[in-house]
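What follows are several structures.
Here come two complexes built around subunit A, the first alongside subunit B, the second alongside subunit C.
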Partner chain A sequence: MTEIEERQGDFEMYFGPAHPGSGNFSVRVQLRGERVMKAVVDPGYLHRGFEKLMEYREPMQNSVLSDRICVLEPLQWNLLHAEAVDTLMGYDIPERAKYIRVILAELSRIQSHFIWYAVMSMGTGFTTGFNVAMGYRDYMLDVFDYITGGRLYPAGYICPGGVRKDLPEKAEKKILTLFEKIDYMHKFAKKENPVWLERFKEVGVLTKEEAIKLGATGPILRASGVASDVRRDDPYEIYDELEFEIPVFDEGDAYSRYLIAMQEIEESKKIVKQAIDRMPKGEVKTSNMKPIVHFRKAKGETYTRNELSRGEGAIYMIATGKKTPYRVKIRGPSFTHMIPILKHLLTDSYYADVPAIYWSLNQCPADVDR
Partner chain B sequence: MSVVEKEKNNLDKEEKIVTALSKKLNKKVNIQRKKRLWVSIEPKEIVDACSIAYDMGFEHLSTISVTDWIEKNNFEIAYHLWSYKEKMLLTIKTRINRENPTISSVTSLWSKNAELCERECHEFYGVIFEGNVNLTPLMLEDWTGPPPFRKDFDWRKYVQQEYYDESNPREDIYFEVKK
Partner chain C sequence: MKLSIISEIFKNLFKRPMTVLFPMEKVEISERERAKHKFDIDNCISCGSCAKICLNKAIKMVEVKEEYKEKYPKTYPQIDLGKCCFCALCQDICPTGCLTLTEDFYLATFDKESIIIDPLKI
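Showing the complex of A and B:
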């Protein structure tokens, strides 16, 4: 970006990190009247150095650590880390474990999209939306608690070699009852809302070319007209056996990103229902795994990609025959969404649209900083 | 189509891409597993190689990663590219000297996305990307030490020195790892 000359009357404002709706992230915007002339993003408030930490820990410990990469979708990060280790160790995952993994990953996607709806509402002053979404999300957390033992952090429930424990009794029934419960929230969120139309329609438009060039993935890319989904293009677990649609919109604005979220909740429900129907009985951990992962046997490298709620997440892991991985590189989807894309969309927008654009990107500061 | 046929078709597709890429890059492109290709090149060819890959459909720069091979005294830089068309991942790897870690930037191809990835690599490994005008600090605030993700940076020692006092009985527990 070319430097914009400062004029008299221009002033700078911070959006975050202490803004009620910013998360642990901040954007410095240079304003001329109501117009944003320039935006400088400032990540790093949540940098914990996971890549380095993982070099000092064994895979089972890293599995617990991987929850913390993103607070809003820990189960999906659990799955991604487990898959990377599985590939390096050559584990053959039992069918039942695969189904449990997919069910949990999709439930995690639904609750993450609820949060997305909640923060979008909050960012635009529609507090009722926030309260309803966060309230209904709590029902989902109860189910996570029942299955994994942790409401937010599953503490490595999806671990290398399968999952830690089989589903508890009546878990399937609980999940189906949960869907009935959260149906109200979904209907509420899908209703056409004049406030939303006003605040999100034709705001923060990202074209297809820009989206590809700036590294957009997941819902943000699909809202810009590219039908790309890792679950379909680079299938993992049992996704190639399941039937689901990939919602795509061509507008590329904040409103279409919201519509994508709403349709994805529907698709995730479909996936979970199919998985529950088809889930076989049997073991949930690979038979060649002792209580710990013998990572010394692993050699080589892997680039494992998953479709997280926010987009493409990836782990590049190198094993050299030591107890711990030699190198772990983590690619968080929000990294590109929140730095180049946010900067691009904010430039030349109105200050009142900053929260709408900011939250329509479904960001997670934790996975930007890692 | 049966599973076996599907599998065969997939591999055929990869073979096709590998042949075309090998010819254009003049290097041996390897198949690591299904949908995963990799190629190793010289550091000076990086921009050309990336632009050939870009033209062949590998338009999504997933990420750039650096690995510190301290015993071999070099850094391995890997560019992970995804093709929306072929639905395949290509990893372009190159090794640069650890003493003088300089390589050309790929910002001409992926603009701000590449700029950001390179900025991160610069901050954590000290790799200099020639042509990238914005290599300013990203995550670390007021950091004056060596690039922290390098293998020779001992964070335990650093934390002990910076934050704890061994003579203080309330803090000597942090030195037990060393003992």
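Showing the complex of A and C:
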């Protein structure tokens, strides 16, 4: 303890990385009794060096790598990486591929929000919630398996130039049946659970000003009263043609972050249904790309950003006419949520609230470390 | 609130569990599942594209055993399943379609050597 004057009864505790509810991330909290005096975040347990790895691989190979940036939403990262390469190569993506991309990205958002609900439940001892959410998420994984050939990892299904394969037969029907199946999960999560209210209401309050100052994005920013969403502000793919709401809450506490997740699931379902209705027939891959990306033709740089389920994710890529990108910089949305915001919210909270605050930020250590 | 809990309990008492009793029961495997490779050596033109695209360097172009050399004189892909991430890029790039991924995902083994598969055995 350096900055805080040490007193009798002060001690230090580790929350993670071996805590059952922490993921591959650690927070060192300095306690005075039950109160957290200071929190020191300690990332780096899941660093795999994607930015460097991508400098040694071709875009098609990188699209497989991009799955792994965030284990909880691989399809969203696939899409982001593919868009960055598309921009550099000047690919014209077929309309059908754009629809498939959006359908998969939104399905990925729904399953990621299910995990959010699951870990929030787990963190606060509500294991039934965890089991229900993970169980229903599994039905979604079956659909991913049906479409991409992998339950968790699509292996670059959304690739530069479109998607690797067209949707299989009856995929649309499967998705709509899935929505009926997972409806129960939504009803379950929406029930006013007194324990849930107690644990999350007025806990971890992030004001609008703080959220902006500390660099919050996505659901965390929207739960603090700022209506910001890349899908609206800087539309990509076909989002400008679709109708959907952006849920916003002013309270900024953990409970409103949970409400945002629940409403976003509904909005994502709306998007997927619209996309399925309007999806045209045709090619799913751009014609000037067979079967790999000729990256030597690309020159210049791009900063591509998307609305991932955890917030704004971005890829900055430089091409210099070589087979591989010269530089790739990945901006994971969890970084700002986990470093400055978590630190800020934990300071002066109660130790019992640490898991609730920690998980209400919808973090993914994998995209913090990259 | 309490009533709804009781109705939930009754509903769940008679519901089938989400899990299945493996290996007696199995969940449906997708036709697109990417698992163990299948290789048709007679159609392979030894172009080496699969080895080049593999991002994990799981494919090595090797010669076949002495006794088969006369029939298959060139080099053919040998796959190290321990390195493979089952991305199917090799399948997509193969010009003759002789290297494909099947649905056979039962690959657990105690023998490390057995996961490096010879071209004639894939």
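Here are some notes:
Throughout what follows, the second predicted complex is superposed on the first by the 368 of 370 C-alpha atoms of A that agree within 3 Å, B and C clash if a C-alpha of one lies under 4 Å from a C-alpha of the other, contacts with A are read in each partner's own complex, and residues count from 1 in each chain.
By definition in this document, contacts are C-beta pairs under 8 Å (C-beta built on N, C-alpha and C of every residue); 3 or more make two chains touch, one makes a residue touch a chain.
Computed from a prediction, not measured in an experiment: that's the story for all the values here.
Partners subunit B and subunit C fit side by side in the overlay (superposition on subunit A).
Look at A:G156: by the touch rule set out above, it reaches subunit C but stays clear of subunit B.
When the two complexes are overlaid on their common chain A, residue A:V248 makes contact with neither subunit B nor subunit C. By the touch criterion defined above, A:R57 reaches subunit C but does not reach subunit B. Of the two partner chains placed by the overlay, neither subunit B nor subunit C lies in contact with A:M289. Counting the residues of subunit A that each partner touches, subunit B and subunit C differ, and the larger count belongs to B. Legend: residue contacts after superposition of the two complexes on their common chain; A:V205 is shown touching neither subunit B nor subunit C. Using the contact criterion defined above for the overlaid structures, shared-chain residue A:P43 touches subunit B, although it does not reach subunit C. In the superposition on chain A, no contact is made by A:A171 with either subunit B or subunit C. The superposed three-chain arrangement places the nearest Cα atoms of subunit B and subunit C 11 Å from each other.
Within subunit A, not a single residue is touched by subunit B in the first complex and by subunit C in the second. Against subunit A, in their complex, subunit B makes its touches with residues 35-36, 59-63, 65, 67-68, 78, 80, 82, 84, 87, 89, 91, 110-113, 115-116, 124, 138-141, 148-149, 155. Residue ranges on subunit A touching subunit B, taken from their complex, read 43-44, 47, 49, 51-52, 212-215, 217, 226, 228, 233-234, 303, 305, 312, 314, 316, 318, 326-327, 329, 331, 335-336, 339-340, 343-344, 369. Subunit A makes touch with subunit C in their complex at residues 57-58, 60-61, 64-65, 135, 138, 142, 145-150, 153, 155-156, 164-165, 168, 191, 291-292.
By the touch criterion given at the top, residues 4, 18, 27-34, 53, 55, 85-89, 92-93 of subunit C touch subunit A in their complex.
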